[in-house]
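Okay, here's the structure, questions in a sec.
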Amino acid sequence: MQLQPEGLGAWGIAVALAGGAMRGSIPYMFVSLGECLTEKSGKINLGMEGVLLMGAVTAFGVSDLTGSPWLGVLAAAAVGLVLGAIHAWLTQQPAVNDVAAGIAMIIFGSGLAFFFGKRFVAPMAPQLPLVALGEWSRVGAIQSALRISPLFFIGIAVAFLLNWVFTRTSCGLKVRAAGDDPQAARALGIDVNGVRFIAIAMGGALAAVGGAHLTLYFPGIWSEGISGGQGLMAVALVIFARWSPRRCLAAALLFGGAQALGPSLQSLGITGYYYLFNASPYLLTLAVMVATCTPSRRLAGMPGALGKK
Amino acid sequence: MTRAETVIVPLGAMLAGMIVFGAFCAALGVNPLLVYASIWKAGFGSWYSWQNTLVRASPLLLCGLCTAIPAGAGIIVIGNEGAVVVGGLGAIASGLATLSLPPFLSLTTMFLSAAVCGGLWIAFSVALQHYRGVSAVISGLLLNYLAIALMNQLIEGPLRDPSSLDNPASYPLTPDHRLSYFSGTHVHHGLTFGLVACVLAWFLVERTTFGFALKICGGNVRAARLSGLPVGRLVVIAGFLGGACAGVAGMVEVAAVHGRANESLNAGYGYVGILVAFLARQSAFGVVLISLLVGGLLASGGMLQRAHGLPDATIAVLQGILFLFILLSDTVYGRFKLPWAQSHEAKPDAAAA
Amino acid sequence: MMMASRRDVLAGLAAVALPRGSSPLTMGFLYNGPKNDLGYNQSHAEGRQALRSLSWVKTVEEASIPETVAAEESMRDMIFQDGASVIFATSFGYYDPFMVDMARENPRVQFFHCGGFYQEGKHPKNIGIYFGFIDEVEYLSGMLAGLSTRTNKIGFIAAKPIPQVLRNINSFTLGARSVNPRATTKVVFTGDWVLPVREAEASSALADQGIDVLTGHTGSPRVIVQMAERRGIFGCGYQFNQSSMAPHGFLTGAEWAWGTVYLRIAEMIYAGKSVMDGSIPRRLTGTLKDEFCRLSPFGPSVTQSSRNRLAAAKAAILNGSLEIYRGPMRDNEGRIAIPAGKVLKIEDVELDRMDWLVEGVVGKARG
């Protein structure tokens, strides 16, 4: 039986932030990890917003068609792989500008996503099963906050896996070599283009899975406004996290939690200046960036080939 | 690259893109030839359509320059949207404060405040990159969101016109304090601002020492510093100029289109401007051409919905396909030898070695 | 006019063959968002479908038109490219300056705007405003919320504190408190019309605070209704039938029935009337009684006694004996909003300027 006669009062904020961090961080987590992988190999993919939306719509559609949300996630990953591959191929052609290609992919990806999304009559698709860690509590809010999507755990695992791959495997070494000094890498016999192709494609797959979370758990519908720039923001978070997968994880949690701040303050009765409260994640990120960057230190961790051809 | 190539290649890219889009339409059961005809008719087929295209292209001219000018100095600016919003807010604030002045003075004040507000907004993020190492891509993006939050807070707060009831907006400008239209058309003078700005930008970059210095900064920062150029100051000024253009786009929205500031200031022109700048290869002349192209595509979007039953997202799909092909076409230059074309670059004379 | 006879008239009209040589009347519709949003835009798109029964009407529609110059261009295109002689613009921001300028440019085309504020003398004569007053339906919906809540806490998630939204918050709360004086409504503003993630977070935060009935006024409150279902609490819909989002916890909702309006306007135009000379009313408004809006079908958890009480209240509203905005009424800051002895009718223009929240609402009308 659930007990929620009085609500949690001020503790509600802590619960909301925790729950929000575990729900809201997932798209940021997957997209930033995917972008981290991409940028470690030396290329930037600004088009992640389009990939996120295509992942979201694909997951929704496939889940609705087949009845299996996991198939939806897989289909989303496949679509993300394809979109990433397109970006990879495109940007490896000489003279194609990476930033422009990314923005063109945002327009193409989101246009395609909205296009297919028009066909959905079903209001909801079968959702991902949740891991319920809060059943010990009799407080409904805690139970709800601790109903966690399996993608959260997968995302954390991916973050640590990527970190391990980058620091301890030869695969990861090749990716980093391609990203830091492609000329030297080629001299060593590494197929830089091939490595980048795989990295960018897999980065796209990860980002699309982040999109699947939006339609298959939170908020769990398909709507054209479902992302609102999360894909683009997650790309910024990679820079914020200085290209470390574990810091990407932390940044995603911070951001996801901050998203819940505005609404939870209002639900407590703190109602003034809600626009500025709702903008607090962005303000926070900017403040942290300004405080921690210095001209000499900013490039610490940045793959050397990023921004160059 | 040869002269023939600069024409053939982009045209070829658009043709290829249109063919792919046609296949897309055919797969949906819609006759591609009819779709092509509609796009042409609605975007470029008559003076009527051209007006529609020009109206939609106007904000893109200025927003494109916001990225194109700093790009010459090597900085990637994507904070255009924030500059538009902030410029619009500056414009309405100064416009309302100068309602008692003659229209010309009032509009000039609006123009200048918008330019300054937008300019400072972008200059700030460029300065953050140069002096503090914060990537302009990040700061631009974050400042966009902050500008929108500020806009909402102001429009629903201190700037609010109580009689604007269900559609929160600022107090309106009086009719004579607005930008007028070209007589006999419904194209407003925002187009003039955009075209003049593009000409000035071209002149600045190609024909002045300042522009030359900018290009050196953009080419090789170290070389620029070694030759004694004040790199920091130059890039910040470039950012300011770009932001001023975007700010003026905001002023145009306020003074020409709406007559007041409301949440439609955040119309997305900034983001499209980034793409326009890149497709135009950061050249002012290219910005004009690409803005017209994008304007025409946007103008034909409605026709696709009404005449062919295609959803509104279709025009975005077309845009995406075309842009990807145009970008891809950048690699084609120099790959194919056209027998009748003359190369501009004189080949180093092998015999002189 | 009895509903049955109007239907007969329309059926008759529909059966009449067009006079030879005349083309169908083309009507253009503009929506601000997608047509399948299960909310405001879909309610209008559904209303447009009602016109398909008329053989002499052809409709064209465009969706996702931003409230900028694009709206003006779309209207112009519908007139010139499609020959539209009637335009329906369904979003607030299309009115000034876009529709006003278009109406001046095309004096022979009739323009109808949903919810705009017409200024006599300033705006051209070929503009008509249509709108529905949904307060009474929100009142009934709120009654059901008041009867169903066990914690006496109701949550309302809204986009912006504009008068229309405040009217809904107030009428919903008045309905709830009319059957449950201890019920309170907590309001959270998201800041914009389409923010599904923020609406979901707000729903979750409110549920954490012990709220057990959720409703809202955003572009489409379906996220709110769905989150209510997930948290095991009740949900009330708005604008469109969102019961599909909450098979167990859906109570009812306040829906628009724009089809009634569009058919009525079409019928008047067919009869040769126009808004230019005033034969079509400048402000065409209607309430529950005029079937401009309706109550959603009840959800499975609504008890029979609740249904009975609602039926009685609805009858009282229809026969005029129940008036929602009856003084004395205080706002939630202690001031008198409606003095004793005064009754504001639903169509009273004073309500269009509402800037207060009624006693029992926790929240501020100004951000």
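Each chain gets a letter, A, B and C, in the order it is written, and its residues are counted from 1.
Everything below uses one rule, namely that a residue touches a chain if its C-beta (ideal position, glycine included) is under 8 Å from a C-beta of that chain, and two chains touch if they have at least 3 such contacts.
None of these values were measured; they are calculated from a predicted model.
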| item | value |
| --- | --- |
| Pair exhibiting more inter-chain C-beta contacts, B-C or A-B | A-B |
| Longest centre-to-centre distance from subunit B, chain (CA-based) | C |
| Computed distance of Cα centres, subunit C from subunit B, in Å | 37 |
| Intercentroid distance (Cα basis), subunit B paired with subunit A, Å | 28 |
| Residues of subunit B whose C-beta touches two or more other chains | 152-153, 156, 311-313 |
| Residues within subunit A bordering two or more other chains | 114, 117-118, 273, 275, 278 |
| Touching two or more other chains - residue numbers and ranges from subunit C | 34, 64, 191, 367 |
| Residue ranges of subunit C touching subunit B (in the complex, touch as defined) | 28, 34, 60-70, 72-74, 76-78, 80-82, 92-93, 95, 97, 105, 115, 117, 160-164, 191-192, 352-353, 366-367 |
| Complex interface listing, subunit C residues touching subunit A | 33-38, 64, 151, 153, 155, 186-191, 194-202, 204-212, 219-220, 222-223, 226-227, 230-232, 242, 244-245, 362-364, 367 |
| Complex contact set, residues of subunit B against subunit A | 76, 128, 130-135, 137-139, 141-143, 145-146, 148-150, 152-153, 156, 271, 274-275, 278-279, 311-321, 323-324, 327-328, 330-331, 333 |
| Of subunit A, residues touching subunit C in the complex | 2, 4-9, 12, 15-16, 19-20, 24, 114, 117-118, 120-121, 123-124, 140-141, 144-145, 214, 218-221, 223-226, 228, 259-260, 262-264, 266-269, 271-275, 278 |
| Complex contacts: residues of subunit A adjacent to subunit B | 50, 90, 93-97, 99-101, 103-105, 107-115, 117-118, 229, 232-233, 235-236, 239-240, 273, 275-276, 278-279, 282-283, 285-286, 289-290, 293-299 |
